[in-house]
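Per-chain residue numbering starts at 1, and chain names A, B and C are given in the order in which the chains are listed.
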Amino acid sequence: MRLFGADILPLAAEHIVLALVPVLLGLVVSLPLGWWAWRSRGARRVLLPLTGVLYTIPSLALFVVMPLILGTRILDPVNVVVALTVYAVALLVRSVVDGLDEVPSEVMTAGVAMGYRPLGLLFGVQLPLAVPVLVAGVRVAAVSSFSLVAVGAIIGQGALGTLFTQGFERFYTAQIVFGLVSILVLALLIDALLMMLGRLLAPWAAARAPQKAGDAAQRSSTREQGEAAQRSSTRESAV
Amino acid sequence: MIEFSDVRKAYPDGTVALQSLSLTARAGEITVLVGPSGCGKTTTLRMVNRMVDPSSGTVRLDGVDVSTQDPPTLRRGIGYVIQNAGLFPHRTVLDNVATVPVLLGRRRAEARQAAGELLERVGLDPKVGGRYPSQLSGGQQQRVGVARALAGDAPVLLMDEPFSAVDPVVRADLQDELLRLQSELGRTILFVTHDIDEAIRLGDMVAVLRVGGTLAQFAPPADLLAAPADDFVAGFVGRDRGYRRLQFVGTGSLTLQDFPTTGDGWLLVVDDDGRPTGWRQGDEHVALGTVHAEGGSLRSALDAALSSPAGRGVAVDDDGRVLGGIEPEAVITLLHASSSPAPEAVR
Amino acid sequence: MFSSLIAWFGAPAQWSSASGIPVRLLQHLGYTALAVLVGAVIAVPVGLYIGHTDRGRFLVVGLANGLRALPELGVLVLFVLLLGLGLTPVTLALMLLAIPPLLAGTYAGISGVDPAAVDAARGVGMTERQVLFQVELPNALPLMVAGLRTATLQVVATATIAAFVSLGGLGRYIVDGQAQRDFTQMAGGAILVALLAIVLEVALQGLQRAVTPGARRARSGSRPPTPAVGTSDVVTAGG
């Protein structure tokens, strides 16, 4: 499909790959790192501030510095993938730690007392219970990733983001609006899919919600939402 | 049988959780560890399944030193119930109960089947099996916790303040249920609580621990009430121990009075079967007080006498038919006759 | 590569000319401050209102979620095409990024105040106004500053792409370097942006700690300050 003088479908496919591969890689790296940070106070003290600093670095800067670190060419898509993986890790290590922290201590005690070995406890109890927090983190990482890929267009690697740079050069508003809408729709689609995946992986979390009708519970859930909103908006534009 | 020999627990920072404890919890009995917080009762309990290892001394389970056993394997053979049940929120009630059998390698379908039967056994509708723990009340969750601990067919049960977080009415229910279950199952139960009333209610033997982890007294509950070893135990057992001790005293030779059938005073009203329904004084109808059932304790007899508006309590037989009246003086007389050294026990 | 970077940073013109580092730095900070200020003027009153009355909560959550998926490069070029080159479109685009975290922080701060304290304030006869300004606002400050911190970092990062639409700031080095195939200049700019972001992050973290009552106490105590595991930390996630 050609639109605005560009092949849209390959651009969209490239955008999806550039946005999601880093999230997957980030999750794979974050699980062991997060588990380590959860277990060891020392590791937590180093890893969490470090991920905070990494997250602070603007993405355009990171894209540009990547060749310096990796020895890649400036126009290599690997730069974008690695840079976005860094953000995904920075975000998800925190999610893994939060998710594992979420497991109530009496549940851990009960698991140990019933004869779980450490790995069995991790995969049978801790990780399943961390799923809601983890999925929330992955959703934020994925959606931000879609927006960040577009920034790569400034250095010639932006998939659908090239609609913005080209539209700007040609003063073509329709092209820019189309780019905005298509990235937005893709991101929200992935977000919805991830949300459904979360429901599938943790049906018990949904069962819990209607029970909490008390005033205090209500208030705390509002607060959680506020904080989640806050957290989620944290990184959206690490340009 | 669980034996603690000269067990001591000190932490690297110098705090001593347990001074030196020697204690034997007999097989098939409920042994209660009770004491104020900081007395090391939970530490003691957790040494049995090696959640805590002693600094010195040995813990033996049926003669085998637990320190020689692999902790996860050991734990799968010991039931464990804790304060907030500690159910797995991500598993249904049925799968929660089936946890240990599955860990032991039993087939899941089989384990679930057995779990459903256990739910009934602890007084739950098997229909709750498909729900998640968060959809149950606190009391129900605690019952599931007990079912889960029983599921591995473990001969030994460790219970760490299992009923402390539920309201008093539910707690009394759960206590009754535990006693009923125990009469059927005869497990070896080590039970930790800070509530002396619970200890007295449930324990075949009660160990009172002092802060710092020393044993103040280890005795059956009636002895604890009748003859506290020292001021600490007396203080801990509480102010009205004399009265509470009556629940361990039988009423074998209690003298019953007849009720007047006519007159202006209090008249007992009975139905056609001879069961009491209330009192009458003149034209006024007054509710019954508590009723003493034949074979009950002296405490229930005294309570019947004191709570009756007529000043004379009602004793009934197993079918609820009136046997006679109880005067408070008769109870006191019997108490004098049967007082120390060892009153007959009714548990 | 590193030697040419050192040479780039060391050139005297770099520190005195009109396109030198101090000027670019000040421009960058100027765009950031302006956008955050305008954003705060809008977001803080709205957040106070929503937090105090709990009306319009969906707005906070919806805005945060929706805007996260919006690619800011597209928003920026769109505003420029619609409003023409200049400071106004850039400020508006950056302001759009500052609003969600400021709003979420203010809202979460106010609605998270211990309901018993608010109840007590009404109980002693405070007016709604007094409740808001004397009880809720002081208690909400840490989360509000957390929102400010998130907003600032996002804006400072995104201000980099202002150079793409012909404005100044540190992004100039990246965009010009890209055009001139001068990788040294690009890397130099990237490093400056990253450093600026990290310095701002540390400074705002300090401010946040200063307005958190618990943290202040911990600092003045004899024990070494333990990592705060509170609300401030939650919002920090990925800041």
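Everything below uses one rule, namely that a contact is a pair of C-beta atoms (placed from the backbone, for glycine too) under 8 Å apart; a residue touches a chain by one contact, two chains touch by 3 or more.
What you see is a predicted model, and the numbers here were worked out from it, not measured in a lab.
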item	value
Path length in steps (a step moves to a chain that is touched) from chain A to chain C	1
Highest C-beta pair count, chain pair	A-C
Central chain of the complex, centres being mean CA coordinates	A
Distance from chain C to chain A - Cα centre to Cα centre, in angstrom	20
Mean-CA-position distance for chain B and chain A (Å)	52
Separation of mean Cα positions, chain C and chain B [Å, integer]	60
Interfacial residue positions of chain C with respect to chain A in the complex	1, 54, 57, 60-61, 63-65, 67-75, 77-78, 80-82, 97, 100-101, 104-105, 107-108, 111-112, 115, 143, 146-147, 150, 153-154, 156-158, 160-161, 164-165, 171, 174-175, 177-178, 183, 186-187, 189-191, 193-194, 197-198, 201, 227, 231, 234-239
Residues on chain A engaged by chain B in the complex (per definition of touch)	104, 106-107, 109-117, 120, 125, 128-129, 131, 202, 204-205, 207-208, 211
Residue ranges of chain A in contact with chain C within the complex	44-45, 48, 51-53, 55-62, 64-65, 67-68, 74, 90-91, 94, 98, 140, 143-144, 146-147, 150-151, 153-156, 158, 161, 163-165, 167-168, 171, 173, 176-177, 179-180, 183-184, 187-188, 191, 215-216, 219, 222-223, 225-239
Chain B to chain A touching residues, read off their complex	49, 51, 71-78, 80, 82-91, 99-100, 103, 131-132, 134-135, 145, 148, 158
